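Below is the structure I would like to discuss, written out as structure tokens.
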Amino acid sequence: MPIPAPNLYPPFNIVRLSHVELAVTDLASARAFYVDTLGLLVSHEATGMLYLRALEERGHHSVILRQAERASVGSLGFKVWDEADLDRAKAWFHGRGLPAEWVERPFMGRVLQARDPWGVPLEFYARMDRLTPVHQQYRLYKGVKPLRIDHFNLFSPDVDKAVAFYGEMGFRVTEYTADEETGRTWAAWMHRKGGVHDIAFTNGVGPRLHHLAFWVATPLNIIDLLDLMSTTGYLANIERGPGRHGISNAFFLYIRDRDGHRTEVYCSDYQTVDPDLEPIRWDLKDPQRQTLWGAPAPQSWFSEGAHFQGVTPRESDLKATPIVAP
Amino acid sequence: MPIPAPNLYPPFNIVRLSHVELAVTDLASARAFYVDTLGLLVSHEATGMLYLRALEERGHHSVILRQAERASVGSLGFKVWDEADLDRAKAWFHGRGLPAEWVERPFMGRVLQARDPWGVPLEFYARMDRLTPVHQQYRLYKGVKPLRIDHFNLFSPDVDKAVAFYGEMGFRVTEYTADEETGRTWAAWMHRKGGVHDIAFTNGVGPRLHHLAFWVATPLNIIDLLDLMSTTGYLANIERGPGRHGISNAFFLYIRDRDGHRTEVYCSDYQTVDPDLEPIRWDLKDPQRQTLWGAPAPQSWFSEGAHFQGVTPRESDLKATPIVAP
Amino acid sequence: MPIPAPNLYPPFNIVRLSHVELAVTDLASARAFYVDTLGLLVSHEATGMLYLRALEERGHHSVILRQAERASVGSLGFKVWDEADLDRAKAWFHGRGLPAEWVERPFMGRVLQARDPWGVPLEFYARMDRLTPVHQQYRLYKGVKPLRIDHFNLFSPDVDKAVAFYGEMGFRVTEYTADEETGRTWAAWMHRKGGVHDIAFTNGVGPRLHHLAFWVATPLNIIDLLDLMSTTGYLANIERGPGRHGISNAFFLYIRDRDGHRTEVYCSDYQTVDPDLEPIRWDLKDPQRQTLWGAPAPQSWFSEGAHFQGVTPRESDLKATPIVAP
Amino acid sequence: MPIPAPNLYPPFNIVRLSHVELAVTDLASARAFYVDTLGLLVSHEATGMLYLRALEERGHHSVILRQAERASVGSLGFKVWDEADLDRAKAWFHGRGLPAEWVERPFMGRVLQARDPWGVPLEFYARMDRLTPVHQQYRLYKGVKPLRIDHFNLFSPDVDKAVAFYGEMGFRVTEYTADEETGRTWAAWMHRKGGVHDIAFTNGVGPRLHHLAFWVATPLNIIDLLDLMSTTGYLANIERGPGRHGISNAFFLYIRDRDGHRTEVYCSDYQTVDPDLEPIRWDLKDPQRQTLWGAPAPQSWFSEGAHFQGVTPRESDLKATPIVAP
């Protein structure tokens, strides 16, 4: 299918992606990874729970680590403009026959938990506790000096339909990969907040979370993290990079925690606030869309992802021949 | 006056600042400055006119250089969401007894030219010619490698009133300087596009344009520009910096063209899309608000600015004792 | 063999590596690569010849490109302290039954051409034409902004013997790879000028030149080169990197010209002037010695190198089991 | 006087500057400054003493902090090639009627303490305890990530004579400032180790230590230090910078500890190993020699320096008209 025109007047106003809960099997080692190594700050600590934020964030948390028997991903959190948007969101999901219910969450006002047609748990809210700005308390900057959560990336068994669904919600496509032979969309990057994406979908067994991402200031922060990880016992946790994506133009690194949850650290994308921004099309056969500089990604990067709690992924019916990367 | 609550439901939807026309007295030397030294790209060239864009911009132009007898500034350009916003803008200005008329501009659709209460010429449009993306044609990157226009900064004779007026239009305050003794606002930074500002106002003889700004990727780009300018005959055009502002947290450099038009090159500010983002208050007596690292700005930076065509600035009645910087 | 103690009182005083001649099959395309892309400066141009220098070099040239039927490498050039060192060098080579004769070279004083025991052509001189410093003419900085030639790296069929021979000449080992099973040295990095190396030897079919290297200021220069090459038709010329070597600690990129001549661009090694600097030992089985961050090098990097004019390489009798990288 | 030709065959072989002792009035606050803020590593701690090294140094220490009643500077330490050089040094100083005696120092072999004609205490040694390399233990990198001691800079009441004296010892001039009116040398930068300087002299009340310097990898490390110091109570300790020196081409920052001891952090100078390197001449009237980008230095930078223990500085008879900076 062709990329649909953007919905410039969406049914409710999503401001940005906001937070995600990761279920991890060893909270202490997750803390060593996300706090001591990556450099996220602890906002709150409770039994079996850690709430984290990045350095320029004033919302209470962007990552929640939860001790669990098995690794998985909880809801993908999005901030909406105001309380009325929450009510409009609830009606919109219900109108499509999709679940959407109020849930209780600490440190937050009203929270609407919904599911997309593939079962991905989504969480919408207007107000989260606000914390004192610390972005100029430079003694707190450690690790990769993560500034803010940037995006979610998901494997999807039907990217065309995901683009249509999230597009109706107001996410606008900035770049996409087209499979010329089938006429299908192989992958798409969609945004609300004015960067290349808040959420992206890539063809594959899904729904699964491929990665979450944090924005950093310069490539040198990423080089610092590589040096640190490779000399403090985290060599095997470095999966791919550093490199530059053709798509998004971002300088990237992919790392994985002990449970396999993948994080991208990322900089150098561009501003996309124009409503008439033209989506950039990449051909599935162009390897530079993945890595502008040509180095291939490892097999794990193409195949491995994290399950959402209670959601069984299914195969995509779209196969690349020969099998190629997202 | 206290900073007013943000208007979250403005009368028309401004997306971002977009462009400005600078009248220059020697177009060839202005080209040497903005194109050959700063690194802007030429979109179009006509007799006495140059249309320029930065490297990630896809709109036709963000700076227009116009040969003139005397240096001055034309309209400050803003992009709105859609055509209906233009009509709403016209009605809104007329409702306040302010001029707002359709004008013809090359490379653009309908353009509404209005004036704020101090006479500043503003230009609103929804559609400008779109150009092919060149942000991955890296052979084009020169000079400071400017990525996009970032903001306008104005001297204002009544900052409190400017904040109120632009606030009604939907600009939201991110940071401001308060004069504790008088209870007045000395300066304010206001945004639409999700960065620290699209437009800022500082107390002083006004209205005058203090500077326009371009966003760059890293401080090293700014260091490269300093090295280039200081060894190619532009030493005297370096006015202030490099340094970091307390306000906005930006790493900055201020340079001036031969006519005195001031440009800031700038990186490292932060994301401000949250509607409940709390404005950061700085005290007029805190010198770190201007330069986090303490180095003072030169006198010219506090006093010199560019006139808008046909607009006579007036004194502010707010004086600092002792006279301090914006 | 164990690494021999450094010869702190060598028979003649080599100051540093200095220059190399590359025979190329298409001088115009070589110029496009080394000058227009990499950013070397042209010192002199003659029929079929280009003399190049890097930006902080004041010697006349560090690379000579010579049009030829077949690609190959000419002499490796080294600067000695004074004229007497040249005479001492001649006597020293003759004393070992090795060729060493005066040759004429443009832009240079007396030049002694010798050969090491494996036939590698070496060139020693004390005085080369000096050019005006241009390191502060920042308008000349292009491409990767190469600052100075840094080192040569050679495949050697007998690294232990190469280390012994060059060690007698006063080259001191800074780091080396030991093959624990055989007790042999797999690779060694040797210096005169106070960095990690002027010359390095790695086990393999040799003698062949693996690469020459240029020193740059920061990793961001290397990222700029990757962006430029990958978008100007040089994608296939990017062979390995970016990454950090465990050995030398350098941030690196390997690129190849159209004839396969390999250049490393390189930064972040360390000072080694202390005569009692302890060589750092790496185990052949430790993959981090090659890439601290873990990414493997491509096969070409391990096997391909350039022939010296008229010298037939031979196999090494030292085999890794399984075959591993240099 | 003109700059003398370099002495290429010095009486003893100095390898590099090595270390300095700073007497400080509050060791705890000095530790907070040099260790916790600047990022030097503690090699050894004893009552009233701290021995520090930078991150790539393998010698036991490059800075000694000693608790004292009054701030002052102890000996300037230099490493020589071998033990015989120490004996030759002793004879050379005695031959000039200057003191030179063996002293005991912890962590070092034989140490010769001498004085130059102006009373500056100098310390020469061949062997200091060697420590395990830690330059790849990236978790240890903090603050400005100082890599190695780079140079000493002294006020001298007679720069011409200082250049002549240190020149005889084998220090070679790389750059200098000439006072055209008087024909005198205003300042000179002299090296042994292959960078722009190990020691520099500037006209002024002396002998006094103007600063010691550490080499860092990139300007971004210096920006990080500025951010850290300006937000952790060290704003007043930032004296000058960031900027680029015309002389040496270095990107610099000057900071001062609580006792006024000045440290420069520094990168981007160039290699100077060639014995025929031509000294670069700067005119005293050229302000770009100090700051390539034009920003002036504060008065304190021109006038304040640290006394050597027991040495009374005297005025220079060379005055600039009008008084200009070193």
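So that you can tell them apart, the chains are marked A, B, C and D in the order they are listed, and the count of residues begins at 1 in each.
Keep in mind that, in the parts below, a contact is a pair of C-beta atoms (placed from the backbone, for glycine too) under 8 Å apart; a residue touches a chain by one contact, two chains touch by 3 or more.
These numbers come from a predicted model, not from an experiment.
The chain with its Cα centroid farthest from the Cα centroid of chain D is A. Taking B-D and B-C together, the pair of chains sharing more C-beta contacts is B-D. Centre-to-centre spacing of chain B and chain C amounts to 50 Å, using the average Cα coordinate of each chain. One inter-chain figure worth recording: chain B and chain D are separated by 44 Å, centre to centre, where each centre is the mean of the chain's CA atoms.
Touching two or more other chains at once are residues 136, 218, 220, 227, 230-231, 292 of chain D. Against chain D, in their complex, chain A makes its touches with residues 136-139, 141, 218, 220, 224, 227-228, 230-232.
The residues of chain A lying in touch with chain C in their complex are 218-220, 223, 226-227, 229-231, 235-236, 238, 242, 244, 251, 288, 292-295.
Touching chain C in their complex are the following residues of chain D: 8, 15-16, 56, 58-59, 79, 81-82, 127, 130, 133, 135-136, 147-148, 193-194, 217-218, 220, 246, 249, 268, 270-271, 273-278, 280, 292.
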